[in-house]
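Okay, got some structures for you below.
Shared chain: chain A. Partners: chain B in the first complex, chain C in the second.
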Partner chain A sequence: MIKIANLSFSYNKETPVLTGIKLEFDRRSTAIIGQNGAGKTTFVKLLKGLLKADEGEILIHDHNVNRKTAAQLARTIGLVFQNPNDQIFKRTVLDEVMFGPLNIKMDKQTAKEKAIEALKMVELDGKLEMNPHDLSLSEKKLLCIASVVAMETDIIIFDEPTIAQDHGGKEKIRQIIQALKDKNKLVMTIIHDMDFVAENFERTIVFTEGKVLLDGDTRYVFSQKELLETACVEAPGITKLAERLGFKDTVITVEEFINLKQTCSPPR
Partner chain B sequence: MKRIVVEGLKYKYPLADSLALNDVTFDIKQGEFIGIIGKNLAGKSTLCQALVGLVPHFYKGAYGGKVFVGGLEVKNHSIADISLKVGMVFQNPFTQVTGSKMTVYEEIAFGLENIGVPRSEIIERIDSVLNLLKIEQVKDHNPFDLSGGQMQRMAIASIIAMKPDILVLDEPTSQLDPAGSEEVFQAIQSLSKQGITVILAEHKMEKIAQYCDRVLLLNNGKVVDFDTPGKVFSREDLEEKGVTAPVYTRVCKALGVKKAGTDEYPVTLEEAERVLRGDGA
Partner chain C sequence: MKSISLYEEGTSFVHDVDPITKLWYIPFAILIPIILPLFTVSFLLIGLSLALLLAAKVIRKTIPVFGFVFLILITVVLIQGMFKPENETVLFQIGPLTMYKEGLLFALTITLRVINIIGAFMILVLTTKPSDLVEALVRKGMSPRIGYVVVSVFQIIPEMMATMSTITDAQRARGMETEGKLLVRIKAFLPLLGPVVLGSLINTKERAMALEVRGFNSQAPKTFLYEEKTYQFSKILQMGMLLLTVAAVVWRIFL
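Let's look at the complex of A and B:
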């Protein structure tokens, strides 16, 4: 769906931020992890056409991003910003979520339906007339997610969706990601929460200093302890515990751990 | 010595229909590292802001009860007075940026200049926090031309540079990479060992379990519990309060293994490893 060749970018022509990125994306749900300042946000802004590459090209559905209009891109690819304050600009919660659909020329009635449906998923449908700026950070984050989900783009990118979320909030986001996967959309998520990565994404890509360090099945990526360390990331807690206890295989979920433990321990 | 005393604190934001804090009472001794946990909207940020005086001085609203921080009664002192004793890192680093400084370096210097720290010491302190938070390489960036994690690191650096007696941190590592998050918790722990009193609101339960001396569990503006991580995370009603225990506690609970000779489940990686090894796997 997306093909990236030899992509390079810098903000000021002096310090390169991304260099020689080569990646392809199919419909597998994908997590992007890596140290602060590695270039993850910059990378997805390039995909969305918000920044222009110095070198290389990005093809989305075989079309060059640079030759697509902003409107065409808006219909194909949705991005939830890391900082909700960069995204929110309407006066009410409902207007905020309707803006995207209206902008891609959905009629008003459909836009409203899509907006309310998305707001239900994040449980903000009781706050339609509230000013978004009066919401808490966790709610603002969920509002921004709803705004992008309502557009029903083929590709959806979340930049650190779980910031400020409690267990319930993460569960809502997990369900949204699952629903999008079921609709056969490409979901890409930048995230620092390794447990969430292990539980939700088939593929994981590790960025470090503007390059791709590791890319593969999430389980495989979390088995690469030394490489992960060089990118300032780590395996999930349960993976670390299993390793310390000498489990041979890389365990990435609590269920796997419990199953393994129960089958190999004598009954008590 | 008690550094923070909160007695029957009740608070309602203007226009809100319910109390954000409802009869909150607790005290904290010097050098303690306290975690505040609770589901979204439980009142964690409001409590943090009540410790630095933003509640009630900035937000106004209805306020009852007493809050003493470093010997000052918050209600009777200005935010400026209180800020000499207490530093706060906000939940969203973006809201903490002054917006008037051209570089990260000047941004960190701002607070220090305000309280009249001598020039040579300002330079020393800034170099030390830039190094501690690993942001030397962006010290000449505009504060808004940073990655999210770098901005959060800058926000923590600005407050630590002020060397307050009491540190209040509201989800300070939500945008940090795992290694950075670990380093920040270690740095905060070492400050607390030097006698600085720390209060930190957080959803990362594994970190709370590993680093905090005691944990304050809030729900709907009320204190549910204030005890050691082992006690709080072993509560049977934790999920009802919207909180999930650390993953290490959850597996041990599912497997039915407690810490030897106690009624508590393990809460850290090390503790879980110890009991599960004993379990004969």
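Let's look at the complex of A and C:
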């Protein structure tokens, strides 16, 4: 779906931000993790065409991203920004969600239908005429998700979706991600919430200092304790607990932990 | 985030001089050529400013500023040289264009004064941190509120530029075309102003509250975050500039 070869980028010549990135993405939901400044956001901005690579190429559905503007790529790849206030600029919730679909030349009626459908998904369909700036931060974040979901892109990237979300908000985002996965879309996220990664993403890529340190199934990645430490990333709390209790297998969810606890007692 | 300050970090003696003395140098460099309107005096002061900029190793950073100013000064030279009402003595002719001595001398006076002013300001701007300058002025009695306003401009403008860039990216990500023809860019730019202005207003409100909870309006005497920047020859330099200015006035009046 996405092929990246030898990708390098720097904002100024002295400090490379990304060096020699080589990756391929299929439809598996993917989390990109790593400490601040590791190059995660720069990487997704390159995927989205918001930045142009210094070296290497990115192919999405065999089209070279370097030859397209971000606006042209909007039909294929959606990006939900971390700070909702950077994204919201229409006067009503409905207009905000319709903005993207109208930009990619959906007709008005379809755009409205898609917008309402996306707003139902995030449970904001009761606030269509409300000014987006009157929503809570958590709702604004959901609105931004809806405004990208409504564009029906094949690929959706979330930048820190769980920030400012309480348990209910996280649950809603979990359901949205699942719904998108069910529609066979590639869902990617940049995230620091490792519990959320473990429970919702099949593949995890660890970035450090502009390079890919680890890439694989989420369970495999969280089993690489020493490499994770190199990248200043911690495994989920439940993984660390299971390890401390002496479980041999890497446990990444609470359910797995309970199942294992019921079937066998950890060695003392 | 890009800084809008032109300050260039350095270790020269010009950097070591305290901000107030550098501030004194500006009226000194401006007033002396006005009091003594001789080309020699202007050249001397320009030479002094350029020498100080060279010593501070910041002369390269003045090139774009002087380049821009020269563009304007060329028009002054041409207009004054050709069209000043007092023009009488023809200096040279190029085709139908005649250059006059009176106009050129007047343009040269303006040019030297402008270069002199720019040079003096450049010494202050390129070798003094804005925060050091403001803190020095607050120590001298300027209101901390005005000080904060000045310093915050240096923070807020780059912040607004960064916000503008992020908002533009967010809209490009949703299919708004911002690249290409001028009309496309203007069409894309106007809707972005709303979130930028609104965001700035929200930030201002939050910034005001953050300042207030940290005692910004407290009437108690304030302590300063940084140590006062002092230079051992400050007083000598300041008195020297004052005496030279007085001497120039005396020279002009009595001699």
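By our rule, the second predicted complex is superposed on the first by the 260 of 268 C-alpha atoms of A that agree within 3 Å, B and C clash if a C-alpha of one lies under 4 Å from a C-alpha of the other, contacts with A are read in each partner's own complex, and residues count from 1 in each chain.
Assume contacts are C-beta pairs under 8 Å (C-beta built on N, C-alpha and C of every residue); 3 or more make two chains touch, one makes a residue touch a chain.
What you are looking at is a predicted structure, and each value in this text was computed from that prediction instead of being measured.
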| task | Based on the superposed arrangement around chain A, label chain B with chain C as either clash or fit. | result | clash
| said: With both complexes overlaid on chain A, does A:262 touch chain B (first), chain C (second), both or neither? | reply: first
| said: Per the contact definition in the header, classify A:14: touching chain B only (first), chain C only (second), both, or neither. | reply: neither
| message | Touch test for A:195: chain B only (first), chain C only (second), both, or neither? | response | first
| query | Per the overlay, which chain contacts more chain A residues, chain B or chain C? | reply | B
| field | Touching partner for A:83 - first (chain B), second (chain C), both, neither | value | both
| message | Quick one: is A:71 in contact with chain B, with chain C, with both, or with neither? Answer first, second, both or neither. | response | second
| query | If you stack the two complexes on chain A, which partner ends up touching A:226: first (chain B), second (chain C), both, or neither? | reply | neither
| Touching A:62 in the superposition: chain B (first), chain C (second), both, neither? | neither
| request: Return the residues of chain A at which the contacts from chain B and from chain C coincide. | output: 83, 85
| Interface residues, chain B side, partner chain A - complex | 38-41, 45, 91-92, 94-95, 138, 145-150, 153, 171, 174-181, 203, 206, 242-244, 246-248, 250-251, 254-256, 269, 272-273, 276-277, 279-281
| task | Note which residues of chain C are touching chain A in the complex, please. | result | 163, 166-167, 169-180, 191-192, 194-195, 198-199, 202
| chain A to chain C touching residues, read off their complex | 45, 48, 50, 69-71, 74-75, 78-79, 81, 83, 85-89, 99-100, 103-104, 133, 147-148, 151
| remark: Per the touch rule, the chain A residues reaching chain B in their complex are 11, 33-37, 40-41, 82-83, 85, 136-139, 160, 163-169, 192, 194-195, 229, 231-234, 236-238, 240-241, 244-246, 254, 257-258, 261-262, 264-266, 268
